[in-house]
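Chain IDs A, B, C, D, E and F follow the sequence of writing; residue 1 opens each chain.
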């Protein structure tokens, strides 16, 4: 399956915190840390666990830029 | 200034394509490539050029996860 | 590949309009019409054409509800 | 009231799960299932209940496409 | 029609720039300035013109906070 | 730090409700009320409290328009 999202960052799940409807999934992407907020249902359906290899998909319209 | 976005990825601008109202800014983030679609006005206001150090800000609610 | 997005709507591409950096892709989803605004680069990379079967992925946090 | 969102999908509420600040509203849209994550406050304010006719509003920039 | 979006800011259209598929609509909201990027098709369908009274709808999940 | 977001609305925090992973931050922006849904972690990291002066950052692509 190919996805239109311009940003497909390969990473590894480091931590998952579920609370009610939501879950916070922390990833390591190269030297960076990335957090995804998804539904707890998604975590169950994808059977996500620390150590899993995943891809973070981010639409280019969702990215802001900041310059120091 | 501190920002609530959970994801603040430091990178370097590699390429900027402007067309009408929109601009596509390509960044290098560690070993990854990231694309931000912003207004051409933002590129002018931030005076963005290839080589500039920037931070990509992404809300955790904007991140989808995919598992192979 | 499994995706965390709660909304995965199967559809058929009906029309594609590209202009500069952006492309507007019109889909038929059952009896409904759906429009996706993606980069022209995505359309080229996915080799999208009218008649193609695609899936629209929409995060549940991106959906608003209106009641008459 | 007319809304700029390109995607206005008419549906029927099937299920509502509230938990703390958030609520997950499941809709039937034709033959498809759609999930909206909204605030619990929105559910109260719109007085949403299973069986209600609602419209899902989705900006075209929030739609990703996937091709098998 | 009632909308689940937590943020419904009443304003007046000040300027509209259309280019290809996209349009940038500038609003005055009280003492603030707000910009909405919508499709040119939306501008035509809503028959938007400077001086029109409109409401900006923004999901609470789309708002980032910054603190000096 | 300069940010590409077209919408930077200065406001004052009026109320913060935290629940599990999420927090709802209510702001006063001029004569308007604005709600931001962020992670509880962001609220802690920015040390947000009622009375704090903050800026709401909103990408122009996240704004819908409604006309009566």
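Here, a residue touches a chain if its C-beta (ideal position, glycine included) is under 8 Å from a C-beta of that chain, and two chains touch if they have at least 3 such contacts.
Keep in mind it's a predicted model, so treat the numbers as computed, not measured.
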{"item": "Whole-Å gap separating chain B and chain D, where each centre is the average of the chain's CA atoms", "value": "29"}
{"item": "Rounded Å distance, chain C centre to chain D centre (Cα mean)", "value": "17"}
{"item": "Inter-chain centre distance, chain A versus chain F - centres from mean C-alpha coordinates, in Å", "value": "23"}
{"item": "For chain D, residues that touch 2 or more chains besides their own", "value": "1-6, 20, 22, 24, 35-39, 41-42, 46, 55, 57, 59-62, 64-68"}
{"item": "Overall pattern in which the protein chains touch one another (line/ring/star/complete/other)", "value": "other"}
{"item": "Which pairs of chains touch, using the document's own definition", "value": "A-B, A-C, A-D, A-F, B-C, B-E, B-F, C-D, C-E, D-E, D-F, E-F"}
{"item": "Chain D contact footprint on chain F (complex, rising order)", "value": "17, 19-20, 22-24, 35, 37, 61-62, 64-68"}
{"item": "Parts of chain C lying in touch with chain A, wherever the complex brings them together", "value": "1-6, 36-39, 41-43, 45-46, 55, 57, 60-61"}
{"item": "Residues of chain B defined as touching chain A within the complex", "value": "3, 5-10, 24-25, 29-32, 34-38, 42, 46-48, 52-68"}
{"item": "Residues on chain B engaged by chain E in the complex (per definition of touch)", "value": "1-5, 19-22, 39, 41, 57, 59, 61"}
